[in-house]
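Chains here go by letter, A, B, C and D, matching the order in which they are written, and residues are numbered from 1 within each.
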Amino acid sequence: MSILVDSDTRLLVQGITGREGTFHAGQMIEYGTQVVAGVTPGRGGGSVHGVPVFDTVSEAARESSANASIIYVPARFAPDAVLEAADAGIPLIICITENIPVNEMIKVRAHVKSKCARLIGPNCPGLITPGEAKVGIMPGYIHKRGRVGLVSRSGTLTYEVVWALTEAGLGQTSAVGIGGDPINGTSFIDVLELFEADDETEGIVLLGEIGGSDEEEAAAYIAEHVSKPVSAFIAGRTAPPGKRMGHAGAIISGGAGTAESKIEALEAAGVAVADRPAAVADLMAKQLA
Amino acid sequence: MSILVDSDTRLLVQGITGREGTFHAGQMIEYGTQVVAGVTPGRGGGSVHGVPVFDTVSEAARESSANASIIYVPARFAPDAVLEAADAGIPLIICITENIPVNEMIKVRAHVKSKCARLIGPNCPGLITPGEAKVGIMPGYIHKRGRVGLVSRSGTLTYEVVWALTEAGLGQTSAVGIGGDPINGTSFIDVLELFEADDETEGIVLLGEIGGSDEEEAAAYIAEHVSKPVSAFIAGRTAPPGKRMGHAGAIISGGAGTAESKIEALEAAGVAVADRPAAVADLMAKQLA
Amino acid sequence: MNIHEYQAAELMAQQGIPTNAGVVATTAAAAGNAFDQLAGASGLVAVKAQVHTGGRGKAGGIKLARSSVETSEAASAILGMDISGHTVGKVLVAPGVDIAREYYLGVILDRAARGLTIMASAEGGVEIEEVARVSPEKIVRVTADPLLGLLDYQIREVAFGLKIEPQLMSGFSNILRALYDTFVANGASLAEINPLILTSDDHWLALDSKMTIDDNVLPYRPDLEELRDLDIENATELRAKANGISFVKLDGNIGCVVNGAGLAMATMDAIKLFGGEPANFLDVGGGATADQVALALELVLEDDAVEAILVNIFGGITRADLVAEGFVEARERVEVDVPVVIRLVGTNQAEGREILANAGISTVESMAEAAQAAVAAASGH
Amino acid sequence: MNIHEYQAAELMAQQGIPTNAGVVATTAAAAGNAFDQLAGASGLVAVKAQVHTGGRGKAGGIKLARSSVETSEAASAILGMDISGHTVGKVLVAPGVDIAREYYLGVILDRAARGLTIMASAEGGVEIEEVARVSPEKIVRVTADPLLGLLDYQIREVAFGLKIEPQLMSGFSNILRALYDTFVANGASLAEINPLILTSDDHWLALDSKMTIDDNVLPYRPDLEELRDLDIENATELRAKANGISFVKLDGNIGCVVNGAGLAMATMDAIKLFGGEPANFLDVGGGATADQVALALELVLEDDAVEAILVNIFGGITRADLVAEGFVEARERVEVDVPVVIRLVGTNQAEGREILANAGISTVESMAEAAQAAVAAASGH
């Protein structure tokens, strides 16, 4: 088992004719993901890597029976792209695009929920079930099918830990990047719930960072609902307050959202918190030993 | 049994200090309805007919455990009143107010649905379960608890038929006025579904009028899903096209929405259609004999 | 409320839609004088009847003219013309244009979809109902989200559905967005452009515009209320509306005073069923006062064709005693010179009937009885 | 992006909020000259430091003055002052007002509620975080509907929660509505009035305004981008931002060039963990080009305190070969006079390492190894 994506995932790529869209569609196909359709308005009738391109998501979904969509369109058009996918009945939408205005995301998030679709991101690296489907921009070869579920607010930090898990021989069931924006479609809790219910996942790794209170909420959830061992790393112990650390969501404001607060909450919930990314794998290995 | 309201209904009255609100709150209490709270912003702390008045619906709902709300506020403030009730978690909202702009109702309807609340109206007389609860502006004494469920787009036309059912000894399980506006919260189909599932209801009376296609949709639903006998009356055989007959929704436009079309659809679905209101009771009596 | 073509075009132009602006004239001379400023390179103008009904083209309400004299003659022919019962009081003189393609583009209040639906067709210039009947597959429909409104991808769906070429997409999209905005900004229940044309030099132009405003929006929008053409509306209907009464003039001889729209229609139907003809639809509205009932009787009596009056009141929010008081008061104010049949039941019916009895007025019990009595009274008159 | 008090007040005034408009001065003389036009009946002005940080009152950044000379002296004292690391370059001179009551009113991006939350308190004039800590029950919170926005009943809930008297409700409601509109119209993530005062003659006035604009809105809103105070922002940070690089200056001696915000923070943390001090946060961003990596090195080297550089790249959307090319190119363009530790893994890592090896540059494998090596290099320098 795994969560969210697997070999039955039929993926649609919105923005497939763009530079990033074309590159990553190729990478995903190479990894073995079933990329069944692409969408770029005005480019319908063409094809990219042999994948048919359509003008609209509704047409693409109808013709291809896609059950997931990944979005590579520029920030200005990305909210509309998410809404188009949700309205076309796509149940799983992954938005890679960064720099989407947060007030737009509040509306988009509410609409996607009302359609009972799941949005991952925006500003995220996507998700992967090693050996079955790579739906995102992560380098596929660092992953290895295994025992640990991973959820992260960061991109490259995820790769770092994925690699350490692979090296440690633990591997991953699925790895999900939920994105670094203040308002996103899927929270730590949403993914923790899925991993807790997934038979194959034996332990869970959570990678957080400064800003907001998602990690604190996750800690409360873990204490209450998660029976599997959890290890974590929180980036930003050295970050100064009031400064946005790259991600729109990574900012300590008014004394809230510090790494210390998050680490304390997680440890209180029984989570093993590492002092550097690679050490998460060591902690997890011990927890699963 | 009955539908939607009964002796357990705990009713809140929005606009209770207004002329209509005060009058009808008194009438409902006299009928035996449990009126547990009223709301008029700025009049919190007072009381009407011994019912405590609050400034906000959330406070009123919290203090009174109301499970239904009826709205008598002017058109300008009514959409906000419906939203306030829905957001306060009131599961059944009855909006008596007429003349609400239809574009506002499109939004209000969608929001109420998203909160999983049920809106009856606007521009409706409300609903009644004889002997248990009167939640509306209908004259209570014409009703008699009995065997027939009634649903109607009209107000006074409903009383006419209710009276005929009472006279015929059939009585009513519940009588629901869904309102005469083009966009309303509850459709014929919604109420038909409830009556079909209600053990006490033996037959159903549907009162329609010109405009829209609600009756045609109801006919299709009846043919497919309703096993109980249905009789109907459609007002407006003599109405000329292009003229709004009082109700915002009662207009024949572009040749659609005629009484003939509705009668034809209902008869094709096995519904007995009467040529005048009181005759509906005679038809129902025959169907139930 | 329906508004005229030229008024709809102005509201659309405010939102940035390119419209074929012209001059409104109420006399043939004024129309003729407009020719020179409008004809331009085409040397042509269209003279179009401004009426609140369709089919004016077939009825001869649109004429082309190539000179000031022709324009004046065309206007002369159209002004005063009767189109489906509507008398033409104004014409719009607009520049002639070079049409390459015609589209239909409309935003409608879609009751079945519980929202606003965009309808579009590459078969412009004919009535959309006709297209819907003959070739429904030629109509592209998209319903705007009730909470988010019309989304960009939906505009693209319409454009792709009409096979608009890439270089024309942006112009078309702007017009559809602006048409939707015009609808919402003015509380419309219909806003359509038919035809929306593409000129031979690839410019978009709204050649004919039509809008209906939701009556319930008018109390908040005096600017829209001002668009009402008082010259062509029925004076009795306007007076009724101003007093919260719904009144529609019909062709029969039995006047109706009823509370509730559904019951008012059912009363008309009953009159017809028993062999009579209703003279009007009249709903005194919820919570009718004595004054309003008195006024209702006055309104009905303004119609000389009325030979009997049927008052049918089933009290709910309207209390029967108030209706009775109103009736008694009206009899003192207005000379009621035709037989009146009164049926009064519902809330406070005993008090109401007592008031009438004290004034020497008797009532009947059922609606069928009342309708039959009214038909008999009208025939006997 | 933070904007100044006077700028926030202008945006709020555009939506109809009554603000205490004054004059912005960059010199003591200009401040003194403003006294006469502003003092009015109160004979009093406030001179307020315009800085992007809180606590300016306690720091002496707000002074009252009763004459032109006093105003000039106050401005002289405040201009150039350092408040929590921010140098004051501008003061706002504003009329003195007669305060009867002080409220706090704010709209914030509420991450936990996934929406915009109105926060209000009758304890105005103090920091809302302080009120939240000491007496959270004194804060009224309402979260606007994500799709419908702030509803009228929610405004009433706030007003009733603050026990605003009936005769003051309408003024208060208008201000809250306008504050919400200011937030939405300008893509804010924070908009607050603190204090919102009631004068002794019952007028509402926004005495101090604060706003933060969502950086992601700025590309679409050049008018808001113009509000940026270039005088007080770090030049290196601005240059980085203009090139799509996230850069934050810190106080250590080990420069960082990393891809990805989380990894960049983790890299800083690792440096600290192994006994060093990071000189900066730097994220080259997704899809970094050779030019960008070269620029990143330049930015880091602008800081004289830097004694070693750690390049940490884990390729995903960023290809390792491009990073390697960028590094080689940068070495040709920029004089790199400090030791550099490079760690390069991920997409196209083999190609990337080959490019570096061909240029005579070696790489380390793990992040811990890289951090330790950088710390050692900086210490040995």
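The rule we apply is simple: a contact is a pair of C-beta atoms (placed from the backbone, for glycine too) under 8 Å apart; a residue touches a chain by one contact, two chains touch by 3 or more.
On a predicted model such as this, the values are computed, not experimentally measured, just so you know.
Participant: Spell out the chains that contact chain B while also contacting chain D.
Facilitator: Correct list: C.
Participant: If you average the Cα atoms per chain, which one ends up farthest from chain A?
Facilitator: For chain A, the chain whose C-alpha mean is farthest off is C.
Participant: Out of B-C and A-C, which chain pair has the most contact pairs?
Facilitator: Looking at contacts between chains, B-C has the larger number.
Participant: Nearest whole angstrom, what separates the Cα centre of chain A from the Cα centre of chain C?
Facilitator: The computed centroid separation for chain A versus chain C comes out at 54 Å.
Participant: Between chain B and chain C, tell me the centre distance in angstrom, where each centre is the average of that chain's C-alpha atoms.
Facilitator: 27
Participant: How many Å are there between the centre of chain A and the centre of chain B, using C-alpha atoms for each centre?
Facilitator: The computed centroid separation for chain A versus chain B comes out at 47 Å.
Participant: Quick one: which residues in chain B touch 2 or more of the other chains?
Facilitator: Only 107, 111 qualify.
Participant: Taking each residue of chain C in turn, which ones touch at least two of the other chains?
Facilitator: Within chain C, the residues that touch at least two other chains are 147-148.
Participant: Would you identify the shape of the chain contact graph, picking one of line, ring, star, complete or other?
Facilitator: Contact map by chain: other.
Participant: Name the touching chain pairs, please: which are they?
Facilitator: By the stated definition, chains touch in these pairs: A-C, A-D, B-C, B-D, C-D.
Participant: Which residues of chain C touch chain A in their complex?
Facilitator: Residues in contact with chain A: 145, 147-148, 151-153, 156-157, 160, 166, 169.
Participant: Hey, which residues of chain A end up touching chain C in the complex?
Facilitator: Listed in rising order, the residues are 41-42, 44, 55-58, 77, 80-81, 83-84, 87, 107, 111.
Participant: In the complex of these two chains, what residues of chain A are touching chain D?
Facilitator: Listed in rising order, the residues are 20, 24, 75-76, 98-103, 106-107, 109-111, 125, 137-139, 142, 152-160, 163, 180, 182-183, 207, 209-214, 217, 233, 235-240, 242-250, 254-255, 275-278.
Participant: Spell out the part of chain C that touches chain B in their complex, as residue ranges.
Facilitator: On the chain C side, the touching residues are 53, 109, 111-112, 114-116, 129, 146-147, 184, 187, 189, 214-217, 219-220, 246, 248, 250, 258-266, 268-273, 278, 281, 283, 286-287, 314-318, 345-347, 366-368.
Participant: Hey, which residues of chain D end up touching chain C in the complex?
Facilitator: Per the stated touch rule, the residues are 147-148.
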